[in-house]
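Common to both upcoming complexes is chain A, partnered first by chain B, then by chain C.
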Partner chain A sequence: MADAPPSSARRARRVTPAGLGRFLARRLGIGLVLVVGITLVAFILTHLVPGDPAAANLGQRALGDPAIVKAFNHEYGLDKPVVEQYFIYLWKLLHGNLGVSEQSHRAVITDLAQYVPATIELALFAIVVSIVIGVGLGVVAAVRRGKPVDTGLRIGSLLGVSMPTFWVALFVFYLFFFRLGWFPSGGRLNPGVSAPGHITGMYTVDALLHGQWSLFVDALDHLVMPGFVLGIFTVGTVLRFTRASVLEVINLDYVRAARAKGLSEWTVVRRHVMRPALLPIATVAGLAFGSLLSGTVLVENIYSWPGIGEYAYLSAVNLDLPAIMGVSIVVAIIYIVINLLVDLLYSILDPRIELR
Partner chain B sequence: MTGEALLEVEDLTVRLRTARGIRRAVDGVSFAIREGEILGVAGESGSGKTITALALLGLLPLGARTSGSVRFAGTDLLTLRRRELQKVRGAQVSLVSQDPMTSLHPLLRIEVQMTEHVRAHLGFSQEQARERALEMLAAVRIPDPEQALASHPHQFSGGMRQRIAIAMALACEPRLLIADEPTTALDVTVQAGILALLDRLRRERGVSVLFITHDLGVLSSVADRICVLYGGRVAEHGATSVVLGTPRHPYTDGLMRALPGAAVAGAAMTPIAGSPPSLDAMPAGCAFHPRCEWAVATCATRVPALRDVGDGRLLACDVDPLAPVPS
Partner chain C sequence: MKKQAAGGLAALMSASALVVGMAGGAHAATSRASAGRTLVIDNSFELVTADPGHMFEPTGELVDNGLYDTLVTFNGGNFKKVVPDLATSFQTLDNAKKFIFHLNPKARFSDGSHVTSADVVWSLKRLVNLKGNPSFLLAGENISASGPETVVMTSAAPNPGLPYILPNPATGILNEKVVKAHGGTDAANASTKDKAENWLNQHSAGSGPYVLKSFSTTSQVVMTANPRYWGPKPAYSTVVLRNVTAAVQKLDVQRGVNEIAVDLSPAQVTGMTGVQVKKGPSPNIFFLFANQNPKISKITTNKYFKLALRYGVDYGSLLQLAGSGAVQTPGVVPTVFLGALPASEAAKFDLKKAQSYLAKSGLGHPSLQLTYPTGITVNGVTFDDLAARVQQELDAVGMKITLQPQSIQVALQTYRGGQEALGLWEWGPDYPDPSDYLVFAPGNLVGLRAGWTASDAPAIATLAKKASETTGIAARQAVFEKYQRALNSYGPYVPLIQPAQVVVGTKSLKNLQANGLWFVDLRNLG
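And then the complex of A and B:
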């Protein structure tokens, strides 16, 4: 801090690099404990489910042969006591080994490396869609409160919240692929097109990084329909929260003071209303991201999107224990990171909030 | 204190939409402010003071209807379109609100709040606007203005915040400052500082001030003239020395006697019985009659007209019990 600018801005800015470091260290520590806790819960839950991994994975004839079943159980460590199995799992996890999937026969970590970026790409697209549309329309509804626009948007958002995702997904699929043919039916790229070189695993981003414009368009084309369907799921929620949040701020003293200063209505809303109104919206968006992730199971299934939702579904159906555990850990980490980002966003938006 | 009327409010009436229908919050109020003058508008809460202030700037809540005229430097503000009104707000006529804890934006640095309207109204660059802001902060006696610009409101005390709010309101050098209970939320010692500040700014910069308060004691030290409101109407209006020296409206008299200290020498402090009427239950006739010790039968039916009673005072009381007895 010796070379900090002489300006008095230093005292005003509460977030010092040292403070930020302490905050991150603390939160990452808590996150680690949470992840271990999640493995325990996931482990117990999968063992409570009545079912036999061998029965789910082996064919009829192999299942008839006790030697094969025994070999299967031995290979995946299923013949050991449950507690021992758990500690073996943790020990391997510590070394970055998530085990081998019982269906794909590949290391779970390899599977995840392939599927997670696809889902992140889809979910990020969806959350951007729902925040842009939801916040935008929510502000319009609040500013035009009581007018027909507002009423229309409120009814619309209610419909959006109450329409089941699977129905929307199928309807959109029917209309925009089957009827209109505007978008491809599913997958991440057209058949025969090879993926861009792996950097982030998100095809649109990688294509851009490699400067492959037509590949980017192809990937985006595939992303639009599932992304919108997944996003629509949360647009209604974000819209309603934004409207309420803006209405709460728009009549406050300091907003009236901004109007009294002769600022244009647009400046008043953009600068004086939106920032405080965004605080609760940041929380809602964080939660919405969580529900988006669970929405991916359905959307990925319908649009053949090879992501973690589809992977989680198949692993659960097949009692693929290592895969289920892997998915749980990844989802837990995503949640923790999103929460961390929301808290950081809070301290950026509101200087009165100290990071602790 | 002499000169042309800067602001002439005539027959201002404001109808508000309440849960129970449309109600008159301000009813035919007229007053004028000259260049460099401080006009005190006094009354209890619900008397229509704040609504009057907001009506002048077109800042009333949704659904409010205004009639009458508000002529500021020759233009009727009530007829202006929103964009034209925006050019007046903050530039020609500024507002300082009651509570400095809520009137400054909590998330924006003082620099942003002190420069945004200066840039919008005067076309200044950020650098020029910053210079102006530093100058204004120094004028309201904020120690270390540089530091203040980089800070957020929560880093200041209430008195400091109100000084900043006043500096902000004066940054475009407006001709009229509407101060809505600017000292109510502050400690008595801090109050005195703010009052002295307003008085100095008026003398040094020739700013006219519309000073709204419920506290006649505060007005006695700063206001040139006083307009007492009750139930959305003018009760008594005249020079400060006249109105406070020899109040003639029972309500003004009641307010005086309710003051702590020796505003009326020797008299004990006595509150006015009852409470101010709500918009939904405005009494017929003189709005004050249910609380008035002097009320006669006609007070309940006839609305007293505001009339000139000769000593430079306008009075709306038909009984006029405190009139000097001709000797």
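And then the complex of A and C:
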């Protein structure tokens, strides 16, 4: 089976629209249960932390005034029993209301609408960079297995995955901003420049959609450094998986047969090796994208990138329950959607895989 | 074949490089969008809101100081003297139970309308009734208008500190009509009925030199010059506050891409050249306290233990840690405020004396925990570093101190509950008046956290009450000095240091000063 050429895919059962619908309905149902479970876990964990949201959010003098503390607790529903608080939260959630953040005093959904697209934009850039570079270099390493290039790339990828994020971020910042002045120091746009009209919340995309070329260039300019730093860590992982995956396929019979037909090595790799080799890479890329989205806090902090990582950190520090819950739900949904997309991608890359 | 594979890779890499090159090249071509002079200030944001009625964070003070006028204010970094802002003058009557403020008839909001006493009354009542963080500032004040340009504030008890409270940007005056139209109310139930905060986070409705253009609590705040400002024309057409870490601030200002960095520590500015470095003591004080509640600790209630603590801390070493510009605080009132003790009265490190007091205590080599909030930095000094230094010094005295770092939420809970035997904390001023430091008196806010009730020290409690009611600068200076001497002799506190307030700016800036309340004075900068 493992040695089967991709042509067998033509014989595989086709996914019918009804089958796809059933698959999506089942997965969405499971996802919904997961989201509710995550709200429960996040809610319990937040309440287990031995802290007082009023103490974390009010000043010392305000804390000394029982009327102010009472007003705060009342405003955020903290004066109700914990179980009641949870069910009120679920009821509001059902109506699309994620509550009001204790730290920003804004609707959590408004905060998330601002921060999530910023992180998605950063993570998308990073994942594109890491896939383009990681897959490319992984193929080269596999094709030149055992050669100095392969050794060099393997060492490089090991360094890529093992260097501390903050160190790389600071080094890149120092070199490309402070020493060379190639890139701006941080933020999403130059100081005082207004963001493009909100469509997706991703400035590069919105600027293009509005036809604001100079704004697009400004946004991209700010995206490059943090995006590359974030991508560096995934490059190593993608490179190693690609190399291993290509090596598994590159000497199979059908590949040798393709070579024997006189095809060039690059054509063989492109047409007969890459497609089966991409399956595990899709999994890695999917998981990496999820972790990029939820693990950007250090890069966001150093590059002043107002994304969800920084928001999550501040929410945790301030025991901001509605914000913590909102972030947990969003991250959970992102993981669920990514896993779903990866599964769908599997069936596209290898039609033998049946969606159930 | 290998050449082709390598060629493909080269294409991929080239594409990546092209993206970088395109953006990198663009960086040189793009610049700040706004025309005219732009001032960019780097700050590690502590920002929740721009609504003065809710605002009580350092970055918020900087923002609202630019957007809103207050009745009176401070000039530059001099916190000992209030100067006119919206009020040209004020009278203190009835032993500081009554104040009358006379408004400047020239004052205009950014929409061109007059600033009237009704706006002042409405804004200040809203502040109180919102029951937010800054509401305590005017608690107990009865605010009314006695004419279109006259505001009267009365209180049951004397409030001589009121003129020093009013420069706080939280007492900024709003355009009543405009804010009401966007959900604002000053009613008694404003804490639940007022809906103007979101609007005030997108627009401003004040009479200050700048108006709000955009506001983000995590990235940047943009203010533009108020074209109808009734005072001297603002020096900048645009002021941008950017949220960046201190390390990045240093590189930004050193490279000259941004004008001001406000969160650098003395260590970070050492050796910086080509920039202006302004520093002086901040009004934030670090202090130790030994809990006086015997149920919490039998050790810290021992009077000789407290004396050993006072003489056992090497203040010079702490100042070295805090860096140039920091000073030892002689009492709980910072040296930059009215009522501070002279530096000559600061405690002096004397190891032998400390050891002798510890021996007298009969406690042997007492073991106890020093609790503090971990990960918190004040003016470049972290609680963790300071606690470690104190531990080392008290170890030399003969005390076995175990460090008990706690997350701020947990630490605040134990601190508020009076559960900490030995604590390391900081007090930042709510307003620059010694009356803010009456919280340290027995039976008051911090006193109770240190297990010190009014019945433990009735004479000091009475002295604190007297200090709260005394009027006149000289008399207040004298009574607050007496109050602090009593705290130093009999209280549970060991005042430690005021770290340095550092501001770094580019050479071209004029009138740059470190400001302990709102970092820099936007109104004075040129």
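The rule we apply is simple: the second predicted complex is superposed on the first by the 342 of 356 C-alpha atoms of A that agree within 3 Å, B and C clash if a C-alpha of one lies under 4 Å from a C-alpha of the other, contacts with A are read in each partner's own complex, and residues count from 1 in each chain.
One rule holds in what follows: a residue touches a chain if its C-beta (ideal position, glycine included) is under 8 Å from a C-beta of that chain, and two chains touch if they have at least 3 such contacts.
Note that this is a predicted model, so its numbers are computed, not measured.
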Three-chain arrangement built on chain A, chain B and chain C clash or fit: fit
Which of chain B and chain C A:D52 touches, first, second, both or neither: second
Which of chain B and chain C A:D253 touches, first, second, both or neither: first
Touched partner set for A:F173, first chain B, second chain C, both or neither: second
Partner chain in contact with A:S264 - chain B first, chain C second, else both or neither: both
Touched partner set for A:P276, first chain B, second chain C, both or neither: first
Which of chain B and chain C A:V224 touches, first, second, both or neither: second
Most chain A residues touched (candidates chain B, chain C): C
Touched partner set for A:I68, first chain B, second chain C, both or neither: second
Which of chain B and chain C A:L93 touches, first, second, both or neither: neither
Superposition-derived minimum Cα distance between chain C and chain B (Å): 8
Common interface positions of chain A, toward chain B and toward chain C: 264-265
Complex contacts: residues of chain A adjacent to chain B: 7-9, 11-12, 145-146, 251-254, 256-265, 267, 271-272, 275-276, 349-352
Residues of chain C defined as touching chain A within the complex: 1-2, 4-9, 12-13, 15-16, 19-20, 22-24, 26-27, 29-34, 38, 40, 48-49, 54, 56, 131-136, 139, 191-192, 197-198, 201, 213-214, 216-220, 222, 238, 240, 242-245, 247-248, 251-252, 254-255, 257-258, 407-410, 412-413, 416, 427, 430, 439, 445
Chain A residues touching chain C - in the complex, by the definition given at the top: 49-52, 55-56, 58-65, 67-68, 71-72, 74-75, 103-106, 114-115, 129, 132-133, 136-137, 139-140, 143-144, 170, 173-174, 177-178, 181-188, 190-194, 214, 217-218, 220-221, 223-224, 228, 264-266, 268-270, 301-302, 304, 306, 310-311, 314, 317-319
Complex contact set, residues of chain B against chain A: 57, 59, 61-62, 82-83, 86-91, 94-95, 97, 99, 102-109, 112, 116-117, 120-121, 144, 146-147, 150-152, 154-155, 165, 168
